[in-house]
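Structures given as structure tokens follow.
Shared between the two complexes below is subunit A, which pairs with subunit B and subunit C, respectively.
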Partner chain A sequence: MFAYIVKRLLAGLVVVVLISMAVFALFWFGPESPARPVCESKTGGKCTEERLANFEESLGYNNPIYEEYGKYVKGVFVGRELTVGTQKIDCDAPCLGYSFKNNTLVWDDLVKRMPATVSVAAGGAFLYLALGIPIGVAAARRRGSLTDKVLVSTFLVVSSVPYYLFALLAWIYCTLVFEIPVLGSSGYTPFTDNPWKWATGLLLPWLCLGLFGCTQYTRYTRGAMVEALSEDYIRTAKAKGLPASTVVYRHGLRSALVPVVTVFGIDLGVLLAGTIFTEKIFEIQGIGLWGLNAVGAKDLQVVAATALFGAVVMVVSNLLVDLVYSVLDPRVRLS
Partner chain B sequence: MSTPTMGSETVGHLSDETVPGDEPPAKKRQVSGKSPIQIALGRLRKDKVAMTCFTIVMLFVLVAIFADVLQNLFDVTTEPGNPAQQLNPMNELLPYKGPPSGGFDPAHPFGVAPKTATDNLAVWLAGCRTSLLIASLATLVASIIGITLGLIAGFVGGVVDKAISFVIDFFLTIPFLLLALTLAPIINQRFALKPDLYEKAQLWSLVAILAFFGWMGVARLVRGEVLSLREREFILSARVIGMPTTRIMVKELLPNLVAPIVVAVSLMLPAFIAAEAGLAYLGIGITQGNSWGQTILRASNYYDDYALYFWEPLLGIVILVVALNLLGDAIRDAVDPKTRR
Partner chain C sequence: MTQTSTPSTRLDTDDFLVVENLTVEFPTPDGPVRAVNDLSYSVGLGQTLGIVGESGSGKSVSSMAVLGLHDMQRTKITGSIRVGGQEIIGLDESGMRKIRGNSAAMIFQDALAALHPFYRVGAQLAEAYVVHHPSASKRDARRKAIEMLDRVGIPQPDKRVDDFPHQFSGGMRQRAMIAMGLINDPSLLIADEPTTALDVTVQAQILDLLQDLQREFNSAVIIITHDLGVVAEMADEVLVMYAGRCVEYGACKELLTHPEMPYTWGLLSSIPDVTADTNARLIPIPGNPPSLLDPPSGCSFHPRCAHTDKVPGALCATTLPELLPGGRGTSHLKRCHLANPDEVFAREVLAEIAPDMVEETSDDRA
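Right, the complex of A and B next:
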């Protein structure tokens, strides 16, 4: 078990390093000098060749790439001193660089924006399970009935609609057109400022994520439950005279949940890595929107940071899924 | 729903007892073998939802292919119109004639866009073409990469399999949207200096990005199938008679993989259409040419004043993607012999 975790962590580390290298190289060998956007912004659009050369010099783009990558990695672990134009900035570990657009350290912004994304992701993911599993179980128990058929086909259609259109329509019609009370007042307020506003503001994004995402979970749960309920041990449990709810939930659902948990872990990772569409549509200042805006502004350090952050979250969530998997399902042995 | 078409292959058919719903014994019974593909097609033909979706998809495909013919037919172009004459500056530059306020304008059946006075129908038709073109090209590229790597990984095994599996896992770990966001502007910029190439470059860079992040599913699927197929007798026999490895892969393995590949591809297409429009909506896809996602981005402010402008591309995407998804789902059920509904 321990050896397995170490092995997986190392593999994960390789992935993260490769991604960081890829993003770094992408900008380095990109079509325009990586210093140009900084130069344009700092000189107010009057970036001459001479000024550009100065910026390239001070930002270190004249050095070989491996040297700069080394500095970048060193910054992540021990911090470093950054030079932007004539300014000198102390960047403590973990240093992910400096956002010339916002004039802030990237790590500070990341930490500042994390609560918003975590709030959106956690609520949405909770609804995935809270809606998906009970509906899936209900459909599996009434398999073949009209309820089951209606549920399955409705959810199939809902899950076929692209998510961002679903959310966009929800936002436009709940907030702007009909101005539904509570539901319509979406926007992010930090939990520590006002828990009630935090919850009501995020209600619509949560519902959008949840309603859309739960369709998939209903499908998985239903499929797994149908299979589980036809197992021999269920017949045995019924024959022993156990109450129906015990048979379904304690004996059936427990084994049916194993594949659902796997998917859930990965989905949660995807959500935490940045709920870009949700944040853009509902104007929530989280990591996804930050990354998106940074792409528009060519704020390379921020883009690199969001990609790196996303990769770390995905690697960790994949590892956690495998560990939880082995706990939930005694048949799985990690090696 | 499966029994009638499966009939000719079951053992019961060869015995004397008549299966209910079978042909009368007076007629000479035809014993004809049906390939799994034929069985699946037979099932699909009986599936009303699948046939409806297929018709819808074919309509969209025809529209995409004949987009310029249709534009000529309706006498509309994607060039900007004449804003000074057609738009009302007193009313947020909304058009005088046609929707949303002036009823129906036969010259512009879908209305004209605010600000630029471009014809909506022409843009819609062009958007349909862009959407399907990018998605089909990406599907083609992604499935070629996926099938090739999956075949090699599954069949060769050993170090090669380990390496390819690592690459697959690596790509699955990458958050697609974030990397697409990073890559798109870089690829775009490279061609920004050559305007004549720009539109083509945008198209190909999108195809590349979609394919780059879309091949892993097929690769995994094919690898898994090959892992079980390669232990079968017919592969062993092919090896024994000294068939070269590439020939075994192409002639023996590939035909056995048609069914899972068709399913994967049919579900990949709608995903790519949605992704293309999604990227355009985020403002990083096709920004020059015409794309439904771009139109939605521009039109989302007019949801109230000019709802038609907003709903036209939106319905285009939703109908096409839902139809393709439902069709893909029906194909999956039809191909899977275990399906019971």
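Right, the complex of A and C next:
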């Protein structure tokens, strides 16, 4: 078990390193000089060829790529000193570079924005399961009935709308058209500032994520449940004289949860890596919006950091999924 | 050898399980499937009934009806099933639950699929106990589970009780299944092909175990199988099913030595171990079981029967034979138009599968 975790973490590290290399290569092989956006912004749009050359030199773009990558990696583990224009900045480990756009250290921004993204993700993920599983079970128990058909086709319609449109319409109707109290005033307040405002401000984003995402979970749960309920051991459970609810939940759902949990682990990783549309539409200053803005501003250090962060989250959530899987299914041996 | 030496309990009202005119029909998009058709039988305490027939003949469907395991919304069941005197057709779910696993239990083929893969064997046994003994503590249930595992011959039951089903061997899983079935000391045990998934030595051990347990618990047992060899070893009475109907019914030894229905002959011919005779030949029944959506007219077996030419007219194809006593007493029933089945059997069938038994049988008839 321990050896397995170590092995998986090493494999994950390889993935993260490869992704970091690919992202780093953007700095060098992109269509324009990576120093230009920095130069433009620092000189207020008066970026001459000479100034550009200065920036390239001071940002290290004239050095060989492996040397700069080495410095970057070293910065992540032990910190480094950054040169920004004429000033020198101490960047402690883990150093992910400097955002010329925000004039901040990238790591500090990441840490600052994490609570918002985690808040959005946690609520959304909770609703995925809290709505998806019970509805899926209900549909599976009544499969073929009118209820089942109505549920299945409603969710098919919902999930065929693009998510950004779904969330945008929800925002427009709740905020601009009907000015619904609570729902109409979405936005992020840190939990530690005011838990009530934190919850009410996130309610609409949570509902959007949850209602949209739960359709998929309804489908998974329904499918897995229909399959589980047709297994021989369900007949055995009935033949013991167990009540229907015990048969359905303790015997059926227990099995059906395994594939659902697997998908959930991956989805949770995706949410934690940043919910771009949700954060954009509801103006939540999380990691997704941060990354999106950085792409627009060509703030490469930030782009690299969000990509790396996403990679780490996915590696860890994949590992967690496997561990949970081995706990849920005693036949699985990790090796 | 004949019905007089084997007391028939079939019409005895004291029988623990009495099934009368049981019909089970599934409405399907292609039309109704009548998987069990007008089936009647009964089993007394301490008695074993063997139900035989090819796969798809309705053995499982009929026995699942006894525990009310069919989805009532998708199944039409008529007739009467009385378990310990209580009518269970039309019985509500909570009434049914009190019987299931308690006075009537069932064990299934393929214990690997029939046990839950995610729960420990002991927990599954304990669950079966607790549901009918709500006042039992967790420790009582566990002790009971260990006791039952020990009783069915699982070594080190106090350790194996915490294993998962996949950690057991095939034979041990089936033993655990049996232990689960017997944990509430049922008066009726239905074993649906309990040895089909096992190899021959394990199969023999499991059958021995079932016989021992039956003697100990004195329960009524139904053993479902497609193997007449299993029936010969286990059963007091035999019911042969074909396409949802009973086609022959009688005391075990009587029926196996003087079968009167060509389908039973076919089953006998298609098992290798009915005699140890090296001249014995294995002759499978030609053709396939009929579609239940569009069953054959007359006798369901007639399209596959080699003896229809011995029946005058086209009776076999036009008229369903009734289940009636043949030439060998009132307790041996058969559903066949043949007038002299014993003779045909000795002359045409026995001569093929066991030539040296022909003489013996003719003596017996004389």
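Heads up, the rule we're going with is that the second predicted complex is superposed on the first by the 335 of 335 C-alpha atoms of A that agree within 3 Å, B and C clash if a C-alpha of one lies under 4 Å from a C-alpha of the other, contacts with A are read in each partner's own complex, and residues count from 1 in each chain.
Going forward, a contact is a pair of C-beta atoms (placed from the backbone, for glycine too) under 8 Å apart; a residue touches a chain by one contact, two chains touch by 3 or more.
As the structure is a computational prediction, the values presented were derived from the model and not from experiment.
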Checklist entry - Putting subunit B and subunit C on the same copy of subunit A, do they fit or clash? => result fit
Checklist entry - With the two structures laid over each other on chain A, which partner does A:R235 touch: subunit B (first), subunit C (second), both, or neither? => result second
Next on the checklist: Under the stated touch criterion, which partner chain does A:V270 make contact with: subunit B (first), subunit C (second), both, or neither?
Outcome noted: first
Checklist entry - Is A:R254 touching the first partner subunit B, the second partner subunit C, both, or neither of them? => result second
Checklist entry - Which holds for A:A244: it touches subunit B only (first), subunit C only (second), both, or neither? => result second
Checklist entry - Using C-alpha centres in the superposed arrangement, which angle lies between subunit B and subunit C as seen from subunit A, in steps of 10 degrees? => result 70
Next on the checklist: If we overlay the two complexes on their shared chain A, which of subunit B and subunit C does A:K46 touch? Say first, second, both or neither.
Outcome noted: neither
Checklist outcome for this item: Least Cα-Cα separation in the three-chain superposition, subunit B to subunit C, whole Å, stands at 6
Checklist entry - If you lay the two complexes on top of each other, which residues of subunit A touch subunit B in one and subunit C in the other? => result none
Checklist entry - Which of the residues in subunit C end up touching subunit A in this complex? => result 64, 67, 69, 93, 97-102, 105-106, 108, 110, 113-119, 127-128, 131-132, 164, 166, 180
Next on the checklist: Considering only the defined contacts, which subunit B positions touch subunit A in the complex?
Outcome noted: 166, 169-170, 173-175, 177-179, 181-186, 189-190, 192, 270, 274, 277-278, 281-284, 296, 300, 303-304, 314, 317-318, 321-322, 325-326, 329
Checklist outcome for this item: Given the complex, residues on subunit A that touch subunit B span 11, 15, 18-19, 23, 26-27, 30-32, 156-157, 159-162, 164-165, 168-169, 172, 176-177, 270, 273-274, 276-277, 280, 288, 291-292, 295-296, 298, 303-304, 306-307, 310-311, 313-315, 318
Item to check | Complex contacts: residues of subunit A adjacent to subunit C | outcome: 231-233, 235-244, 246, 251, 254-255, 328-331
